[in-house]
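Read from first to last, the chains carry the letters A, B, C, D, E and F; within each, the first residue is number 1.
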Amino acid sequence: MVIDAHAHLNAPEVFYAYKARLQSSGGHHRGDPKISDEALAAAAARNVAALDEVGTTMQLISPRPYQLMSSARPERVVHWWVEANNDLIRRSVDLHPDRLAGVAALPVCAGRPVEEALAELDRVAAMPQFVGVCLNPDPSEGAGTTPPLGGAYWYPLFERLVAHDLPALVHSAGCFNERETYSEHFITEESIAILTVLRSDTLADFPELKLIIAHGGGSVPYQIGRWQAERLMPSLGGSPGAERFEVSLRRLWFDTVLHNPASLRLLLETVGPDRCLFGTERPGSGSVADPRTGRHLDDIKPVIDAMPGLSEGEKQLVFEGNARKVFSRLPC
Amino acid sequence: MVIDAHAHLNAPEVFYAYKARLQSSGGHHRGDPKISDEALAAAAARNVAALDEVGTTMQLISPRPYQLMSSARPERVVHWWVEANNDLIRRSVDLHPDRLAGVAALPVCAGRPVEEALAELDRVAAMPQFVGVCLNPDPSEGAGTTPPLGGAYWYPLFERLVAHDLPALVHSAGCFNERETYSEHFITEESIAILTVLRSDTLADFPELKLIIAHGGGSVPYQIGRWQAERLMPSLGGSPGAERFEVSLRRLWFDTVLHNPASLRLLLETVGPDRCLFGTERPGSGSVADPRTGRHLDDIKPVIDAMPGLSEGEKQLVFEGNARKVFSRLPC
Amino acid sequence: MVIDAHAHLNAPEVFYAYKARLQSSGGHHRGDPKISDEALAAAAARNVAALDEVGTTMQLISPRPYQLMSSARPERVVHWWVEANNDLIRRSVDLHPDRLAGVAALPVCAGRPVEEALAELDRVAAMPQFVGVCLNPDPSEGAGTTPPLGGAYWYPLFERLVAHDLPALVHSAGCFNERETYSEHFITEESIAILTVLRSDTLADFPELKLIIAHGGGSVPYQIGRWQAERLMPSLGGSPGAERFEVSLRRLWFDTVLHNPASLRLLLETVGPDRCLFGTERPGSGSVADPRTGRHLDDIKPVIDAMPGLSEGEKQLVFEGNARKVFSRLPC
Amino acid sequence: MVIDAHAHLNAPEVFYAYKARLQSSGGHHRGDPKISDEALAAAAARNVAALDEVGTTMQLISPRPYQLMSSARPERVVHWWVEANNDLIRRSVDLHPDRLAGVAALPVCAGRPVEEALAELDRVAAMPQFVGVCLNPDPSEGAGTTPPLGGAYWYPLFERLVAHDLPALVHSAGCFNERETYSEHFITEESIAILTVLRSDTLADFPELKLIIAHGGGSVPYQIGRWQAERLMPSLGGSPGAERFEVSLRRLWFDTVLHNPASLRLLLETVGPDRCLFGTERPGSGSVADPRTGRHLDDIKPVIDAMPGLSEGEKQLVFEGNARKVFSRLPC
Amino acid sequence: MVIDAHAHLNAPEVFYAYKARLQSSGGHHRGDPKISDEALAAAAARNVAALDEVGTTMQLISPRPYQLMSSARPERVVHWWVEANNDLIRRSVDLHPDRLAGVAALPVCAGRPVEEALAELDRVAAMPQFVGVCLNPDPSEGAGTTPPLGGAYWYPLFERLVAHDLPALVHSAGCFNERETYSEHFITEESIAILTVLRSDTLADFPELKLIIAHGGGSVPYQIGRWQAERLMPSLGGSPGAERFEVSLRRLWFDTVLHNPASLRLLLETVGPDRCLFGTERPGSGSVADPRTGRHLDDIKPVIDAMPGLSEGEKQLVFEGNARKVFSRLPC
Amino acid sequence: MVIDAHAHLNAPEVFYAYKARLQSSGGHHRGDPKISDEALAAAAARNVAALDEVGTTMQLISPRPYQLMSSARPERVVHWWVEANNDLIRRSVDLHPDRLAGVAALPVCAGRPVEEALAELDRVAAMPQFVGVCLNPDPSEGAGTTPPLGGAYWYPLFERLVAHDLPALVHSAGCFNERETYSEHFITEESIAILTVLRSDTLADFPELKLIIAHGGGSVPYQIGRWQAERLMPSLGGSPGAERFEVSLRRLWFDTVLHNPASLRLLLETVGPDRCLFGTERPGSGSVADPRTGRHLDDIKPVIDAMPGLSEGEKQLVFEGNARKVFSRLPC
């Protein structure tokens, strides 16, 4: 069995026309996305076909991140849009309950208290279709004004996630900054998330909090030597007797969304196969064929299957076991 | 023959999904709206059917204003989106050249020189499908920072409009302000446009400039007594010998997009039938049946037909003659 | 009997010299306007003579709006100035208690809680000279940052107005924006006030709140078709079964400050003579003779007297009855 | 003969009512101050009587500084107001050409190039009624954003002053900052003006520029030891061989507006009687009787007359000679 | 015995290298100044030698003000730096307890509640090495945004100072404004402090609060006539019967840091020798020899010794008595 | 021979005390760092000893990045500080010309034109001690407002670098953002630099421009699959026929400052040993012993020596050959 822990909603295109109306209206009218059952069924069928193509049993789907507009104003359009996304995911999961499971977005809005997202969190937690949430660590979408993930701002949300036993996929959304595309911003934000969480008391205060860092952990596994050194240096607040950085790192979870075999190997060696969840972001950033090989870059399963030094048990953890552990609400 | 001078593009819904992608991408990728000929033809056919329904011969279509996002950042997404709209209008006109004519949007962007919109103006001026432009007098979309229409900021655009003999429909776009919906902002902006233009030297400096004020002139025909008095009062810069306000007002053109017969009568009496162009904004703000009468509020033709005191010649001016005078590039 | 419900204080000129000192001092010294009884009596006598000229029995006077500087800083100068205005009105009313009645200004300051104006409201409510208040719906004076009238910001004020049984004349004040003169801003703000109040729960929450919209309701009676349609359209939050817009509109009151007979007729037909209060703003925006007729534009009484289709009973409502109903504290 | 080099216009009170209208209008109407010849003559007569009271032969009058609103927006109201002030001074001087002379204000506006004030400078320079100008070194009126007087921003103005042979009385205007009244700000600004000018190349680049520092030089004569030390210290850019600070200080001129005899003595001893101009600011900051002595604090002439160690020749310089040297356009 | 009440810490140079690291680190690491006992002893010995040179018995040392960076961000670096300074002062005092006493800095940070500085105040109050604190009245360091000293913002601090019986030396710190050097800003801020405190209720509300104004009271003793007049003038809130300004001024204390004998004389005559504390700021702003006399400008003792009209008892007050009264925690 | 291409100046500690004075002074005084020849020689000797310890022949030293304060205000303090750093590097190189070579900092200041740094570039280019420059791609130091490296802002600098044949080490400096330490910001900025340069025309327009990306290229070699896919996808502006991303990547140079062997291997495999320069940042981020191995994390030479699959020729390129190619001004 292969569970793809990182994938996004395959909605009918007109769903995004609704978003355009919502955003253009200035928040004065909520409107209605009007996605018919037929249109949704067609989209969901395409999704399942894509799973079949690469041998995935089940996919955990969250809203398409770069469309989430968490810094839009007024905030109610963000709420309305997040709710519409979660509703569509719920309906999709209902169409294919054995192939899809939901990972809900949260309406954490730029410059607003995180508490304002809890009502929607409670709403999705009450629905069996959802097994986790997607957590955007930068609702300011590239403005640089979001309190870092390892900090008090986020505690009310962490507390509620633990209460609901919902894991969070840490994955940024849009980016409105000339310096970074949203795709680059994903990497930056994942790195910041890891480093600020591990420097903070977050995981001590919430030992049951389950955070999955998307895209193989941003830059951190590659730059790990830098952070190992920081941990050891007194001038930077470290000490030779502190918990080693690579041990701390293993308090988090990681997905395998790295479209390059050598990087995937570095990830698995650095954090261990028992902390990695199979994920493809498919269809998404890697859904293109390499002209040299004909292979899709996001067809990651064969890469893991062929990874030297990985036991069958370890592969099972990556493909299914870890996901079952983290996403405890997944149907058997 | 009945020419509807104020109407908007009837695009396939997925066109606005393209807009959502564009706006969410932060301007890093232009992408492609991918509107197929089939989808466009279906939309255009719906448009023509709507004309037939109410006896309209020809409709002048511009982009849907509230979707124009002229204050979005970075500016290139505004340009891309305006160009995509104009391209779709051109294709629509080509499908029904005797029923549709194009009124192009311009990429005047909040906080940027108006000159940056001239390249697109030149581009559409070179296409026979376009007979006029739509001029948003508030690219700041409700932020209150746009230089008023009666001022030097707009001169390079006015000069080029005159050079191309293109009239401008003055019509604001979005509004991102808790105080006004975009629809209310239309009225506010049209009023400001009239008053700042008439207090300025604009029409003396550009005697050939043709400005059509949408929605029956905002509040001005109703509040005309106030402005007549201002013209006469020395303490407000007026004088008893100044040109009377109602005379000045007739240097502009007006459309009939007022979904209320009494208001329509006030307009025609105040500015004269020789300055009014038939317009419906259909389908749009008035496309709903009045439960008391069953009549659509934007079915304005019968109202004008029944207007007491309006001669046949005057009706012809409103329905066709004035439009032909203003939109001189209209095919015969 | 003719009651003019919309007029402003006729203060000695040097009163405004006090304002200049106040504003220039940076709020460090309150000073004293030093208006002698003689100077005030002379000004009040001029006022009464102006009433006699046009046959007005009684006038309700509020401070001159454009001088109210509600966005000035520091706020204490606004408070001091409003109090000085109300004091001068009180003294004026005392000189001619059967010809003048007071409508107090309130020190609602830009960017400050509305609660800070309640002490002054209570102060004037305790004085028999005052029968109502003047409510500036945009203390930001054109900056666009004031919470709209139909919203929670204003509730503490509405509650207190109801408690005191004081009606509010909705009338904006200054405008510091290149786009609009204060006079244009009056129209914009009255329109926003009507539309945001009618879209909100305000009148349901405060059924006894009495709001008089100045200048004939801004643009709304003229553009009423637009708002009737919105009420009916599901996509804009309306429905065919909703209360019709023109019915809702009649939950508000209107004055007749429209210096144009045709507009006055449109107003009376649209909202009904039982919702209109005679008002002239005299001396003010219409105090100039039309060179064609010799008639002053703000001499509105003959226009109403001559209005076709208006019964004597309806005229009495407009001239006196409605005012007595709304300004319940008016002396018999 | 006694020339009072620092005094302000004694205008009819209603002149400031004009200012209030101007400032409240948002710059949309210039209006007219409407000061009649009679009202002006009465005010000017009061002024001359005040001179007679204390034995002053002639007074140099500039606009009342704290009323100058140089940071008001839009800038044109500042221009209009400055021009109205200068016009009133011109008319006052014409009434008493042997008792009054004009010192013009300049419309240097906060955040605008100093060049925008030159047209008004040229206008007053062409009038024989004016013998100098009043220079506000902080048009930002307490916001802290004005380029310091010893810097390139001011060069175009300095150049033109030299060309017209007009001296400048350095005197700040309003202050909109909770920390300082305008009166305190005078002292702060005069100190900054002295120190930034003396640290800069201004007086080397404009050797003929004549700057009179108001109010006895702010804090500088009292704190002179501090600045003498700075001049000598290499670590602060000084050197033992640099021109001594007290020598540099004597490149400027000072008035005697210090309402305390001991301070006046310190000033005269520090900068020398050949650099001080008699000034009283009368009527103004010191126009109050000391209850202990009955003497007005701004009756400075007897204090100087009685100053020990001051020769008759030195007194003549203070009372007349220096003023004639600096204000070279003064009539004989 | 001669007590120098105004002097600053003589730290090893590398202490400021620590500051540079702290400020550059963005507040992510506190680090350690690492000042060895040897280095500190050498610096302290230099300090004591400087006392011996001019006959000072004891010096009260506070951190070097212009280095205090109270407007730096994030605030924790300000706290860390202030604490490091106070710690170094404590260690210095311990090396020479009969020659040095500590005056602690407080971490009042720009834009933050004053309460955040109270923990450090309590910490130093518990150490016998400290006899007073240094109070920067402008933590915004020249931005003009600090609430003035005579106001509610400062009350929690005043209350705690009184509770600990600790006097405060009012002395501003850095200045980041093109208009003023930090040294000029000292004078401006001391003047503002005096005037806002004396116009407020502070000293009535805290009769036991002891404020020493540095640098001879800024500009106030020199400009005293201006403030005496304000006290008497009704239009400025004064009255002939109000407490005279020079009486109020004597509710404060002053140091003698004026490097000019005539100014020192003005100070002593104006506020009285019973309100002045000997102070030199040595080594500091006056530590340079006058080439004409060879004397150091900050060698103030001989100047006071030679001051005409000062009795021996008065000199004793200046040199010791007043300091003992104000700094009640000074060891006998 | 082993050339360490990435290392920083080992200055005496008091050099940073100078920086603290400079930054605290508000830019009013330049002062002097006063680093004696003895102190510098001692520091340089420590530096050379550190080279000997790990077998490095020669080190290229630039200023310590996090101390560069490129966003400090006013800009002249940044210029002064950069110049002082370059001067100290020059003096250090002169002490050990065969062991040290200079890499100069540039005073590119936040929010200022890059042209303002060219004078200092020209100054160092004229000195034989300098072989390259250090280029901070984010002078805004974490504010997110710097134009990205692949853009027109930087062209004048690139042009001048090519003209002088000076390579640039791309290395960010400070970071004043709660989200990232300066060390994390290095990684973010290097990633942004690579991606914006490779998406732009920079390297086509300046084929001779030599950019060395510090710290092994940030996140890019690890996340390379993501960017390979983007290059191939039409919807993101790519195409199957475009130059492959890994080919483009090899148009840049990289250093080996990765304190983790597996990451170092990934780098060498991804970009090739012919594009990597040996670098250690020693002493710096990795100068701490791993308690498990006793080895310093920044002792990278043995790691490369032991790297499987790397030929001797390839090692020579990494250790010396590539550095000689890039830093063409290095002495033989």
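Basically, contacts are C-beta pairs under 8 Å (C-beta built on N, C-alpha and C of every residue); 3 or more make two chains touch, one makes a residue touch a chain.
Note that this is a predicted model, so its numbers are computed, not measured.
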So if I look at the partners of chain B and the partners of chain E, which chains show up in both lists?
A, C, D, F
Tell me which chain's centre, taken as the mean of its C-alpha atoms, is farthest from chain D.
A
Once you find the CA centre of chain A and the CA centre of chain D, what distance in Å lies between them?
67
Centroid distance [mean C-alpha coordinates] between chain C and chain B, Å:
33
Using mean CA coordinates as chain centres, what's the gap between chain A and chain E in Å?
56
Averaged over CA atoms, how far is the centre of chain E from the centre of chain F? Could you give it in whole Å?
45
Note the residues in chain E that touch 2 or more other chains, in rising order.
29, 142, 177-178, 181
Go ahead and list every pair of chains that touch.
A-B, A-C, A-E, A-F, B-C, B-D, B-F, C-D, C-E, D-E, D-F, E-F
Chain A - residues contacting chain F, complex:
142-144, 146-148, 177-181, 183-184, 187-188, 191-192, 195-196, 215-216, 218-219, 221-226, 228-230, 232-233, 238, 240-241, 258-260, 262-263, 266, 269-270, 285-291, 297-298
Show me the residue ranges of chain E that touch chain A in the complex, using the header's touch definition.
29-32
Residue numbers of chain A touching chain B in their complex, please.
13-17, 19-21, 23-29, 66-67, 69, 73-74, 142, 174-178, 181-182
Report the residues of chain D in contact with chain F in the complex, numbered from low to high.
235-237
